[in-house]
Amino acid sequence: MTTVLTDLSYGKSRIRLTKVTRHADRHEIRELTIDIELEGDFASSYTSGDNRLVLPTDTMKNVAYAIAREHPLDSLESFGIDLAGHFLDQHAHISGAIVRLEEQPLERIAVAGMAHPHAFLGTRSERRKCTIRRSRTGQRVQSGLDGLFLLKTTESAFAGFLRDRYTILPETSDRILATVLDAHWHYAAAKVGMDWNGTHDLIRETLLAVFAGHKSLSAQHTLHDMGTAAIEACPQLEEITLAMPNKHRLLVALEPFGLDNPGAVFVATDEPHGMIRGTLRRA
Amino acid sequence: MTTVLTDLSYGKSRIRLTKVTRHADRHEIRELTIDIELEGDFASSYTSGDNRLVLPTDTMKNVAYAIAREHPLDSLESFGIDLAGHFLDQHAHISGAIVRLEEQPLERIAVAGMAHPHAFLGTRSERRKCTIRRSRTGQRVQSGLDGLFLLKTTESAFAGFLRDRYTILPETSDRILATVLDAHWHYAAAKVGMDWNGTHDLIRETLLAVFAGHKSLSAQHTLHDMGTAAIEACPQLEEITLAMPNKHRLLVALEPFGLDNPGAVFVATDEPHGMIRGTLRRA
Amino acid sequence: MTTVLTDLSYGKSRIRLTKVTRHADRHEIRELTIDIELEGDFASSYTSGDNRLVLPTDTMKNVAYAIAREHPLDSLESFGIDLAGHFLDQHAHISGAIVRLEEQPLERIAVAGMAHPHAFLGTRSERRKCTIRRSRTGQRVQSGLDGLFLLKTTESAFAGFLRDRYTILPETSDRILATVLDAHWHYAAAKVGMDWNGTHDLIRETLLAVFAGHKSLSAQHTLHDMGTAAIEACPQLEEITLAMPNKHRLLVALEPFGLDNPGAVFVATDEPHGMIRGTLRRA
Amino acid sequence: MTTVLTDLSYGKSRIRLTKVTRHADRHEIRELTIDIELEGDFASSYTSGDNRLVLPTDTMKNVAYAIAREHPLDSLESFGIDLAGHFLDQHAHISGAIVRLEEQPLERIAVAGMAHPHAFLGTRSERRKCTIRRSRTGQRVQSGLDGLFLLKTTESAFAGFLRDRYTILPETSDRILATVLDAHWHYAAAKVGMDWNGTHDLIRETLLAVFAGHKSLSAQHTLHDMGTAAIEACPQLEEITLAMPNKHRLLVALEPFGLDNPGAVFVATDEPHGMIRGTLRRA
């Protein structure tokens, strides 16, 4: 034996699931994309092609649809916990199940100011996500969102930074700050009866409010205060990780054309961009 | 001469422009992506590399930023008309200017229920667009939107269709209808003082309302009635073209697992998809 | 009647087809993505939901697979011609069929210098494409390629251009020229027995050779000479359209860091970019 | 203090760098995209907006260009090591530097069978990558590739697997196996004078040869034997991680149309897909 298999997992990715719940007066709908990954006693399928303990990834997909048939799908988290639990319950040789869920948000079409009972639109690029990791000894629920573009036109500075031979960036006391927020967090404990949706909304609103109101001395500074506020606002929140690319808006030089530019016209750039990350934990 | 140059144009694409208007009590912002294309007496630059009549594409970009400095940017259309007009006004050898504009929609962050004066979020994948084509003899304004995902869970049928040797599709009286709407239209005349934004919103709302309320016998049928309603609702609308991919939601077969599936669990697919197109003109 | 339906078509898009031909000593494979669009007497399906003449798009997909079963798939063009012809042959009320084909190129894995009989890799982002338009009176074959990134490090200039108030671009006698070529063309007549693959390769090689060897005075100039050479090299070629974005490579200013930069270090940018288009026809 | 900052980093992403080396008889070119991330004593910039120890991300970008000016860029790895080292050398409060490099491969255009001295094409979607992690106590070099589409038309089976209530997948002794390989690995020690490019090519060729020649009993089985062969072929290779999505090619049911389908016509699907991962270490 020249090699040892130190890590392995296998699963099914990009399972797309639409669930419609038909009430008398209105329909509910959720559209999810699901990844399932299993860990366990699968080494012999790798080393010798012995598949006797391999549950096909096609079966994982079938399970997702079957569980969804009877589950209320009231939240990503509650569905993911049940789906991950299924594999551990059914097969003793499976030691861990990881379920990643992402929701394409839909909202009701408004017709003459009234929410329509069965017609929806989906125009949001922001995604709500969660990852459930269940093992024989416990579970870990990570919730979050990504793709949330945020921009403020003032109350953002960047000055007093380190300068070396390669530093030519001017200081600024007033710039545009723009980012595409990726936030994910862990709850202290995943209790039965937890209000997953209400908690998600509270954290999201807190992050937005701090971003909007912050007197930012740097993207780092704003990230820190957003994360701290989320932990303070939500007692269940144990730890939050924020990634905030700094999507630069650069003032366009209009002097060559005889025009001033007092913070009016900018060019948006995607590359290169700054990338600021931080993890905050309840003290 | 073995070849003749029968068509040509050149221009600058993906000019990204952010315009901030700073009022005392609040800031306004628009983020656009602009393509500019010029037609005219440029053949010698192709045939012999004689650039004397070639306005550099870098200059086109500069013009976009300079015009934006002084323009209110109250609508895509009004800005595009002025921008296209600039090139015809300045250079006699330019016979046509095409300006394509696309807006990344931003909305104010709500903090404690109040719209924030200078903080914004942008989560919509739907895009408002317009194309301005100006020549020495006139102009044509095409407005529209794309990327608008629409779905209804009922009141959509597809039956009574042609069957041949290769047809195995079952008829259905009740299916999910899902699409990503691409709609663009021409106005009868682009008048000074036209309310471009209000007109856009009226057309969009009319399309949504018909999609929601329609007793659909096919995607074609719904497309037709959406377009007709838009023309009826908006007197300036002369012609509208709709493209509606049929993004299938397929009922999952759960019988093998001992479960029924009365319109509850579907798989969403992106490929293959139907593609339905139609153009309607005022009679 | 407030509206009239002036244009319509419907079809199936993104049909993904893999065809394996199993010879005794080796396997052949082609992977295609196909769009099919039909024109004809379909107005009543739009105006009144009468589907009696509507061949389902699901059937179009089935036809593509069934025709592929017995077709040698020796070229995109020969398959597309037969596929488009099927619909006209089978249904008198169909007036036109448009088939668009795109190939994901695969090549044999080389093992110890030998082409493997049944293992392939596909790493090319370039795509070969064709569009077949058949009607009751004739057919038109458009062939082409796109996604072909080309770059030359010298023998490209841009000088002597028009300067106005908004022009600040410096002239250059030696720059990098980079583009992502999109080329498509029409053949004078689609003859039985035409060598579609050999002709495609000849045109591609001619375009590449001219790009490489050209003393370019502008992207327009190079585009013109590439198209002319293709028409001169290939007697069947009637008309060719080239679109060449000018993907700028900008010299980085290293003086602030005490370094020179004699054409050595550049930043690549994707937006904004120039866009040069031209169509050449045999004189 | 209600929170503690447990993890942080910041940097510059998507720095696009083109380096041209101009020899008398030919030009060399490399096009890279670079991410730089720094770790160290930056907490006060997060907690209080004190930027005195913050090297701007704009400076990181400048350093990349300046270092590239004088570096031969003979390999991704040698450049990344020097670039990461720069930050540790220059600033005592920086504890770690992570540099990620990705190369857009270019090859010379062949004109009349001869490699052109200064014209290139880039059509490969496969990407060579590396990540350099340097700290005060050592460095770790991870090399790899991704985006390499592989497919074999036979010698792939999947049978004898676990069946439960949700398993309906039929067994198969002969299927198409298709994947998009993502492989990355660590070298035992990064020695001065190591042949980074030759080693990369050896590993890549070994992975391809095993994929092609393997009698596969499952994707897991093939993954294992590919990784083992790479470790056996390359003495410097300490550990390799492979991720292989199982991009299904499903046999099309042609019986309804009166046709057989003996492994000839397949539909390619991207979602859902299997995902097989494994890490192998030298025993």
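Read from first to last, the chains carry the letters A, B, C and D; within each, the first residue is number 1.
Basically, contacts are C-beta pairs under 8 Å (C-beta built on N, C-alpha and C of every residue); 3 or more make two chains touch, one makes a residue touch a chain.
Computed from a predicted structure; not experimentally measured.
Two chain pairs, A-D and B-D, are compared here, and A-D has more C-beta pairs in contact (counted per touch definition above). Between chain A and chain C, two chains of identical sequence, the interface residue sets overlap for the most part, with shared numbers making up over half of the total. Separating the CA-averaged centres of chain A and chain D is a span of 24 Å.
Averaging Cα coordinates per chain places chain B and chain D 37 Å apart. Residue positions of chain A touching 2 or more other chains, listed in rising order: 16, 62, 66, 166, 168, 256-257, 270-271.
The touching residues of chain A, when paired with chain D in their complex, are 1-16, 33, 35, 37, 42, 45-59, 61-63, 66, 90-91, 158-162, 164, 166-169, 216-221, 223-224, 227-228, 231-232, 239, 241, 245-246, 270-283. Note for the complex: chain A touches chain C at residues 165-166, 168, 256-258, 270-271.
If you check the complex, the residues on chain A that touch chain B are 16-22, 27, 29, 31, 62, 65-66, 68-70, 104, 106, 109-112, 116, 118-126, 147-155, 176, 208-209, 211-213, 249, 252, 254, 256-257, 259, 261-269.
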